[in-house]
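Starting off with a structure, shown below.
Labels run A, B, C and D following the written order; every chain starts at residue 1.
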Amino acid sequence: MKKIKKIGVMTSGGDSPGMNAAIRSVVRTCAFYKIECAGIYRGYQGMIEGDFIDLNARSVKGIINKGGTFLKSARSKEFMTKEGRAKAYKALTDANIDALVTIGGDGTFTGALVFNKEYNFPIIGIPGTIDNDIAGTSHTLGYDTTLNTVVEVIDKIRDTASSHNRLFFIEVMGRDVGHIALNAGVGAGAEEILIPEEDLGLERLVDSLNRSKESGKSSSIVVVAEGDKTGKNVFELKDYVNEHMPEYDVRVSVLGHMQRGGSPSCFDRVLASRMGVTAVENLRDGKSNLMVGLINDKIAVTPLQKAIKGQSKINKELIRVSDIMSV
Amino acid sequence: MKKIKKIGVMTSGGDSPGMNAAIRSVVRTCAFYKIECAGIYRGYQGMIEGDFIDLNARSVKGIINKGGTFLKSARSKEFMTKEGRAKAYKALTDANIDALVTIGGDGTFTGALVFNKEYNFPIIGIPGTIDNDIAGTSHTLGYDTTLNTVVEVIDKIRDTASSHNRLFFIEVMGRDVGHIALNAGVGAGAEEILIPEEDLGLERLVDSLNRSKESGKSSSIVVVAEGDKTGKNVFELKDYVNEHMPEYDVRVSVLGHMQRGGSPSCFDRVLASRMGVTAVENLRDGKSNLMVGLINDKIAVTPLQKAIKGQSKINKELIRVSDIMSV
Amino acid sequence: MKKIKKIGVMTSGGDSPGMNAAIRSVVRTCAFYKIECAGIYRGYQGMIEGDFIDLNARSVKGIINKGGTFLKSARSKEFMTKEGRAKAYKALTDANIDALVTIGGDGTFTGALVFNKEYNFPIIGIPGTIDNDIAGTSHTLGYDTTLNTVVEVIDKIRDTASSHNRLFFIEVMGRDVGHIALNAGVGAGAEEILIPEEDLGLERLVDSLNRSKESGKSSSIVVVAEGDKTGKNVFELKDYVNEHMPEYDVRVSVLGHMQRGGSPSCFDRVLASRMGVTAVENLRDGKSNLMVGLINDKIAVTPLQKAIKGQSKINKELIRVSDIMSV
Amino acid sequence: MKKIKKIGVMTSGGDSPGMNAAIRSVVRTCAFYKIECAGIYRGYQGMIEGDFIDLNARSVKGIINKGGTFLKSARSKEFMTKEGRAKAYKALTDANIDALVTIGGDGTFTGALVFNKEYNFPIIGIPGTIDNDIAGTSHTLGYDTTLNTVVEVIDKIRDTASSHNRLFFIEVMGRDVGHIALNAGVGAGAEEILIPEEDLGLERLVDSLNRSKESGKSSSIVVVAEGDKTGKNVFELKDYVNEHMPEYDVRVSVLGHMQRGGSPSCFDRVLASRMGVTAVENLRDGKSNLMVGLINDKIAVTPLQKAIKGQSKINKELIRVSDIMSV
């Protein structure tokens, strides 16, 4: 087993709160084990361009609580080509980097696997994405923070909704999975939650809103994942309800990119710190092609292969909880 | 001068943070002076319907820090008719309410003036609107809170914008006035600010963004008031910039109704408390048709007539400050 | 099996964020199953005094996001006596309450067990306490919120600490267990963490702070649990360090009761909603003397007996993570 | 008039939120006018030691929303000596710095005046202190942010106070002036407010708390400035009330240094931006010995001499408002 002397750390794909905390953890764990550490800017694109920076324990002070990623993130088409990856390999070896910690999502890990296969380059992944759509971990980095951001914003919208007896359709992130919608919906006390995994049906939605009204509710919040299974976006849902419930004053809010930002929650900071330690220690132990995850509250590793192919499942219990809470 | 025995308090028009604190202040000041107090639900519509509730000092505990308005707000077409106002007058006199504190914006005060003219009913207004578009006060209730909400959200968007080197167009409230855009834009460190009062011109915008890029800025935030003078909304602006600066990754965020909600800032809570005291004391002193405002940090009253007709002006100094900050 | 017709819900012991959300869940689940529900004010004391309120689905609107407990909490000496419990039993039966959901901590559950033994009264417990010191659940209600509150406050203190190159001792809650100190300490990037479970030793503390200083750190944060094993409180620690490191500008901050308040995090709101459903469903199924908990991310029940006797253990992995992060 | 070619900017005394935003504004205004700019670390001490850093427009990106001061602050005994100031003058001239913007409080400005007198060195001051105790400006930098921090924390304490029917004495900053206590007290809905400027008297306090209790209030918050005129600190007040109102469950919370930190409010960021522009423009115009302030919502300058000697007065209207609100 070749001894790891210098680890590169990078963030890739959509940014998420906690990425900076994870970088900090990787850097400090390297320092702890006297391994050199380099930051790679802008994900695989920066890797190709050799856009590196040496990082020591002090380089990462004051970032544990900062949103985004100071190493920046980007998508790289060039890395999808053999030539691009060859350049990346050359840049890494030129800089004496002999192992990687890559923080990102599904696409990031796919790239990592291909690169490892071609160059046998040791790589450990950390799941950083707000969507929580990675198998092999109960929580991706940033997901908990995003849930708090979303419920805080919906709390504000609720203030005005209930002052005016309005119905709001609120779009939250989640093209393929309904984790954010389902959890933030329950957390914000939404009357209905529309997700990609289940088709509530538009008629049932109108029935449910009618029942809400009859039961004495004067305002309602419907949380809608981007990719909800009705196939209608929030504006189309508004039109549909306007048509079928003309007495309702319906409004729409698309939360958008603010969901990605913000200072990470304590949970995400601690998770990032734990994951960074485990990532470096696995590289040090000669491991590769693993993703560090959280399973049953314990740090555990999963083959990257599985982290990619699988998909985390929503907690169906929450659909039932939501139905009961909307009584 | 007839002694005031019972004051009605209501909120009308768009809700704003601090309305609950103002209601609390009106209620407690009434209690202090042994004047009875009734809450009127849903603005002028609730007044017509006699939808009142007796309020005492304890009724309003625990609301100083709550967004929205527990008396709810609504727009009333019926109150725009002579018949509607006759019903409202009857409902008030049936309930022995002999004076009004009305919390709202321009439309609210117009209604108040008409009603006063017809029935000689004593009314004092408190400016509650996030837009800060009322003459006779440097700050409307809720405006300061909204500014904080907007900069906090833009801070979050900045996290992701700078992680990805993106340009964001962010739409904030303000159809007719640019107060929110201008102040929150400077507060959030926006590179450009588009407001209804000044036409920056699209070419100058592109020039400015190009200069930003050349000067080394990797991401940019442009804050746009709903009614900005270019006549383009944020989506059209995105298209325009996409066309003229194809290298830029442009995104859009419409902040929407969350801007109305949230726990009021200390400033708004204190302002609401001061305004409520002065409103009740003016009614008690036999005054009417006045709006309580803040002028040069001091509570002052202005004839409702002027509060309506005038319009608060933006601080042009801030345009200059913004230009310098974007150097 | 006697059919449950009316459930009483109460909060007892120190309040924690999420108690209101749990009450809401209990009330709505009762409504869903057509079971009547009564709120019991001020814990066991209100139970003795028959201080009850009928609650329906609408009674609990708008409280999911409120800190504290609207049913209030109290400690009751009278309930520790046979006579007190007899009064409580009479009050419950007079009000036709035939089962209880009790939300609180260790002391609350002890009382519940005694009461159940004497009167065979069905009781299900929900663990509501910020300290996370209950066996049978990985998370007590309110714990996650408190961690976020603590890291946000320490972030603020860090701003001023690093502006002045100061050392801060920050006392957080935790007389017997170090969960808050350990997790919030890691989350806030504390240089050292003192907890009841491990004796770091004062000499090692000074050594560690000296190393921090030598490694280039200009400011330091030491998070201290109330019951830390050194036996010294934050003021004594300050004196000790002042004596042994006179060059350091040492300050103290005791976070105190603010740690109990605040709007619950999404996690705590969802947990509360899930726990309330399970509590009512268990009573409905004829179960008693169980505590609803979260085990491996799934809702599970534990005999109240075990919930009391055991004690949750700190995650020792975090001590190691903290050491590495302080490199 | 000598043309200014290079301006030094520094922060001194206790840090306050908005200092970073003010530094950013000074730096960017210099860039706008093609004046060089140097940051001076650790206030007058760093000036003596020549601890400078060249700053350009890009150096200060991403700091407008950060608490504290990245230039750090310190108190310097050496600068109080003639020799110290001579070293400082030499360091400045060695670095070609020919004017200063100094951000701080009363002590900072005193030092500036002495230095200017000895070396005729152009200096403009910006009032940065959370206490708002500087004459010549209605608002010092950081004051508005601190008020929001304090009311948010008291809101949290209120959650637990009202859950347990407790009385809290909460100590906030303010040794000599009661601005924070008075405004945050009114904003947080405190039942009583104790400040350095007025002696409420302990008997009146107990009377007032008794009246509160009789009027149906179950919990109470008393906000106490550090230097309140009763001469008793919060712990002594607790003892006094415990003795005279034994039925009350009294608790104490000392907010401490967290009041200094946190991301500045929109108000403070805008104020900082405006002040920085005016400071540089005044130096550029050949002015010196002025403090930039806010008077009647407009930026205005005051001779440093007056900024020091005077002291801002509390708004006595607020004492009356507080009394009425506590009815």
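Throughout what follows, contacts are C-beta pairs under 8 Å (C-beta built on N, C-alpha and C of every residue); 3 or more make two chains touch, one makes a residue touch a chain.
The model shown is predicted, which means the values in this text are computed figures rather than measured ones.
More contacting C-beta pairs link the chains of A-C than the other of the two pairs C-D and A-C. In this assembly, the C-alpha centroid of chain B lies 39 Å from the C-alpha centroid of chain C.
The mean-CA centres of chain C and chain D are about 35 angstrom from one another, to the nearest whole unit.
Separating the CA-averaged centres of chain A and chain C is a span of 28 Å. Multi-chain contact residues of chain A, defined as those touching 2 or more other chains: 155, 158, 162. Chain-to-chain contact here is organised cyclically: the chains close a single ring, every chain touching exactly two others.
Every pair of chains meeting the contact definition is listed here: A-B, A-C, B-D, C-D.
Put simply, chain A touches chain B in their complex at residues 11, 14-15, 17, 19, 66-69, 72-74, 149, 153, 155-165, 168, 218, 251-254, 256-258, 260-262. Contacts from chain C toward chain A in the complex involve residues 24-25, 28-29, 31-32, 57-58, 61-62, 64-65, 138, 144, 147-148, 150-152, 155, 158, 162, 183-184, 186-189, 215-217, 263, 265-267, 269-270, 273-274, 277, 296-297, 299, 317-318, 320-321, 324-325, 327.
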